[in-house]
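Two complexes, one shared chain (chain A), two partners (chain B, chain C).
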Partner chain A sequence: MQTLKLLTAAGLIGLAAMGSGAIAQETMQIGVQVPTTGSEATYGQDMINAVQIAVDEINAEGGLLGQQVSLVTGDTACDPQQSVNAASRLVSANVVGVVGGYCSGATLPTLQIYGDANIPFIIAAANSTQLIPENPGNAFMINSTGADQAAKAVEFLSAQGAATLTIVNQGDAYSQDLATLASEDWTAAGNEVVSIETVNKGEQDYSAIVTKIRSTNPDAVFWTAYYADGGLLIRQLRQSGYQGIIAVGDGSNSPQLFDIAGQAAEGVFAFSNPTADFLPQAASFTETYQEDYGNAPGPYAPLAYDGMKLLGWAIAEAGSTDADAIIEVLRSADGQEWLAGPISFTDVNTLARSNFIVLKGEGGAWTRADE
Partner chain B sequence: MTSNSNGAVPTHGLGPFLQDARLRWVVAIAILAFLVVAPMIFGSYITVILTNALLYVVLCLGLNIVVGYAGLLDLGYAAFFAVGAYTIGVLTIQFGFNFWVAFPFAVLAAVLAGVIIGGPTLRLRSDYLAIVTLGFGEIVRFSARNLEITGRASGISGIQDPSLFGWQIRTQTDYYYVFVVLAIIAVIASFRLANSRLGRAWLYVRHDEDAAEAMGINRVQVKLAAYVIGAIFGAVGGAFFAANLGAISPESFSFEQSVLVLMAVILGGMGKIPGVILGAFIIILGPELLRDLGEFRLLVFAVGLLLIMLFRPSGIWPGRRGA
Partner chain C sequence: MTAFDVVMQQIVNGLVLGSFYALVALGYTMIFGVIKLLNFAHGDLYMVGGFVGFLVLSAISGITGGGWTGVAISMFLSMIAVGCLGVVIERVAYHPMLRAPRLSILITALAVSLVLQNTVLSITHGQYTAFGADFGFGGVNLGNVFITYNQMILVGIAAFLMIGLEVFVSRTQYGRAMRAVAIDKDMCQLMGINVSGVIAVTFLIGSALAAAAGTLAGAYYGSVWYFMGFLIGLKAFTAAVIGGIGSIPGAMLGGLILGFLEAFGTQLPGIGSEWKDVFSFAVLILVLVFKPTGLLGKSEQERM
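Coming up: the complex of A and B.
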């Protein structure tokens, strides 16, 4: 027991030393608000990596306003309560701006905090339409919203000749939001929504819903949630003999869908944010990412990179770290080309165009289907 | 700060020190003074963390009544927290109520929830009780996730900040003081309850249910009272939590939330008020202090918790024999 106590004490002292050594004030600090723990940690880490690449490039060119840029990370764990803590911490660290925002639910309550502190916030991934009315005016969404994805889905599926649609979601904020929006658009386009189904996360057996889909036999099935469960549903749907179109939302555009669904994923359509693989201008970014981190950039890496670059541009353009000046510049962004395409904002600070692309499963990988 | 001294010899370090009534007051006033000036000394980040810790103090003291006083294991405490938060959310957003008008309904809803969970579980003991409370917690969360009125999975956002006698509660510092007051009320209520007739009855029921009943204690009433009072603590915390964040979603009331609160209670020492407060602070401050460790912080924190339980199996706060 005595040794254990000593070990504990030594460990605590070590921790204290590590903690105090981490803060340096001479540089310009930019906050990154993403989940680095919890189920979404891989996406969060991916976004940090991408932002770091952008910062490295900015620093190599002499930094911003003559200062080197450094990052402070705030872990939201995809949890509203923790994200408020993280955001307050970033505010206390006197960051000039914040890039990030992955989970919409966890991003929502931070808007007021950055709003009160008047800190420019570039939301790189989170795209729920709920964020729009809560934005005090200092936040900018550079990812297209769920409404854009729903519009893209309806447009594409209609073009494929589908008239009846079953939408399946998982009952979480993101997939439910998308399902509702898609259903509204689909009906507005004069088509028929056969039904909207909700399944529970982590379910293994989808035979009940598969049977229902088989008996109503819609032209298309739209899965709006994530790949892990979507893969199973797709597999069971095809096994049951369903021949119609299957489409999935951007939560399911992971290559891992092919591991889970296997052969059944062939011919499946996915709506996706611009990922690095399908952006011709992102080749050198992908290469740097691969070199620095040993794996391919994830789905939100280009957007996170763009977010940092956009913020850097705005600070340089404003010529100061004054928040109002930076926000003014961001508002005036008029369609310059970035990694994931041109950025300009609507008057509610959302991306002025839809950045969704359509992918198709072919030979165990995604290929671009809308070009 | 230990409750009434009944002549028992304290077994550990801090006990005798705090046994002295005058010293107890000095410590209490010092803590209070610290809480009042803290936001002025520290930045907004620390204030937010302390606010969170104080919210947990309220929740933990509430659960302490159920688990610590009455000895009923509850794995679904987040449900009461959710009931409070959602009552405020639904009434203010969907029905346009003022926060203070909605507040009594939140308490009422908690009482109702306490009776609903308390009623059928009165016959159950230990493991079975744990399973039923666990189920109750999930039922509440899943209802919130699927009902139209609770905003389904997206939850409710845009909850207005309340004002009190012309004081608009808005900034983080404002909410901090609100939670300081709530925590103080919770502490006083806990002390008073522990020393009341009801508190004695809980103690008796916890030790031996059958003997207690034989001595004329109404077991049903006493246990129900524990659930209902615990639920009120949770709902009050939840109501102000909703106002503070301005947005609530079902994810905030997950099983982990119940476990965290229970963990804080066990860590500090079940039934011991200062211990429970300490546990709440450790559970909230621990992961925050370790933020610089990045992804390792939860690992390090977990190891820390394991070590604490290894060295102090009955909680951090020194126990008293015969309590």
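Coming up: the complex of A and C.
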């Protein structure tokens, strides 16, 4: 179906090109850097879809600087090595700017590449605080950082009456960062961290760690990594009879968590960046997305859409494709309302407010838990 | 949970994990025994086995339900399908290389592994697929030690397959031929043994065992994906080496030892769980240093 649509679209573009005849129609290339394969491919495809909607809207309004916008995809597979290749590919495709960045670990090594090439980079999802010191100044993070999430997690879990906490991460930039921050905040709040556990990505059997958790029986378990392995852990925790609170970070707030963990995902709390379901102003975006792709927008769709729109705005304001001018405009963003809320940046190019909400698994879907 | 409960529970965990390692390690060790090839595609046959099991279960769960009957049937069919795939791989990729230097065939095995992984990757787009088995969480509670029925059935099936294999290898004509080929291929040929037939049967059985483990893992853990064979392939290889590569009882022993090492490695006081693999692989190095043939392996005399 999607292929058919693409073909139709390609055909139409072809016709349009023939129609315009002599007018040289140059397109402006924008890079999208996300994982389209591997365990996080769902998120990546979702982000591409959302960026495409933004591009369609921009093109319908006449494009940018008189040029139509087209996308070039770089697949990071959520792997630091592959993301370097993807970034180099986008650089050699002469993109004007890049939107995306999902896995922090895979985004980290690309910062330098875009920095050296002086290409504006809107990081739509990745939010490890480790990205901040590595940012050469051309990257802008429009998702709240791990520090904001850790603060939210500690505040919420304390309010739920938990005093002891076990944190499980996967040893990658994103989940380890969140684990460390949450652990510091949790101790600072006067609570006890029972242990911080690290598991291998791609491991299927968590029984040993589950037994360890059950033997110390903390009030809450906080999984800071991604949904695919998180689903397995949650399932095995509940199977073993663990009855405490289970909370997961924003890398696990996917609907797929319910496929993998099944019944065990009921009652699990997730910290989440603003998703389309919980943004009243996103109703028409959700409708367009549903129409174009046949399913509901995923968790990072609004941010990816905003990232593209923000970049488009900056290019239009700058009046040229000159990177320095675009970056200057992005720095001056002063809290205009976008789909996921207002955007303005701190001195280190991070979002100047916390955008986290709390969700709860109920009946095989996420519902809002903090309102 | 008291310290005793924790130890008991970790023994149960180690037994379940060790059963998976042992089933996969058996194929590694059998194939190495017969053609001296480290079949790096073996972990991927485990993965393909998981997917075939999933497909069969989706097709039949309307009739059988997602319980153990359905899983047993899908396991059986997956074993046949992947066993045949193993034979095809041997015929197409390895057989022409049998007389080539060892390194060439090893590289071929890596290529086969990549082909299998990437084929499944492009079909599934790298997505996790929920397996769809439906067992419930029931089990037996011995004090604080909890053993689910699934774990019992799983270990039971693994034990049954391993005993079956042992009987096959030690009591049947084919088994005897297999052992003979492992000792001296050329001599077997002279004695009128159908060597390529024996090699085919070895691949059939080895791949079928990997498929059984893959289907059971999918059903037990709840999902399958294209990369699930990588880590277990590595671990099963480790298990085979610990037990003595080429030795069938060695693979079973090695699998169980590795399962226990991982379970208890997580529990080591004062050491975080991130050290558990360091612990397992350190034991591998120790075995290689002090008993290079593995625990149950026989030292092979260099023939002139």
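By our rule, the second predicted complex is superposed on the first by the 302 of 371 C-alpha atoms of A that agree within 3 Å, B and C clash if a C-alpha of one lies under 4 Å from a C-alpha of the other, contacts with A are read in each partner's own complex, and residues count from 1 in each chain.
Quick note on the criterion: a contact is a pair of C-beta atoms (placed from the backbone, for glycine too) under 8 Å apart; a residue touches a chain by one contact, two chains touch by 3 or more.
These numbers were taken from a predicted model, which means no experiment stands behind them.
Of the two partner chains, chain C is the only one touched by A:Thr211; chain B is not. Contacts of A:Glu197 after superposition on the shared chain: chain C is touched, whereas chain B is not. Contact with neither chain B nor chain C is seen for A:Gln243 once the two complexes are overlaid on the shared chain.
When both complexes are overlaid on chain A, the residue A:Ser284 reaches neither chain B nor chain C.
By the touch criterion defined above, A:Pro80 lies against chain B but remains apart from chain C after alignment on the C-alpha atoms of chain A.
Of the two partner chains, chain C is the only one touched by A:Thr42; chain B is not.
Once the two complexes are laid over each other on the shared chain, residue contacts for A:Ser92 go to chain B alone; chain C is not touched. Overlaid on A, the two complexes show chain B and chain C touching the same residues of chain A, namely 36-37, 41, 45, 171, 198.
For chain A in complex with chain C, the residues that touch the partner chain are 36-39, 41-42, 45, 77, 171, 195-200, 202-205, 207-212, 214-215, 217, 228, 231-232, 235-236, 238-241, 256, 259-262. The part of chain B that touches chain A in the complex is made up of residues 43-49, 52, 145-146, 152-155, 157-158, 171-172, 245-249, 251-252, 288-295, 297-298, 300, 307, 310-311. Those residues of chain C lying in contact with chain A across their complex are 1, 5-6, 9-10, 12-14, 16-17, 20, 121, 125-128, 130, 137, 146, 148, 217, 221-223, 225, 227-228, 230-232, 262-267, 272-274, 276-277. Within the complex formed with chain B, the residues of chain A that make contact are 1, 4-5, 8, 15, 18-19, 22, 36-37, 41, 45, 73, 75, 78-81, 84-85, 88-89, 91-93, 105, 108-109, 112-113, 116-117, 128, 130, 133-134, 171-173, 175-177, 198.
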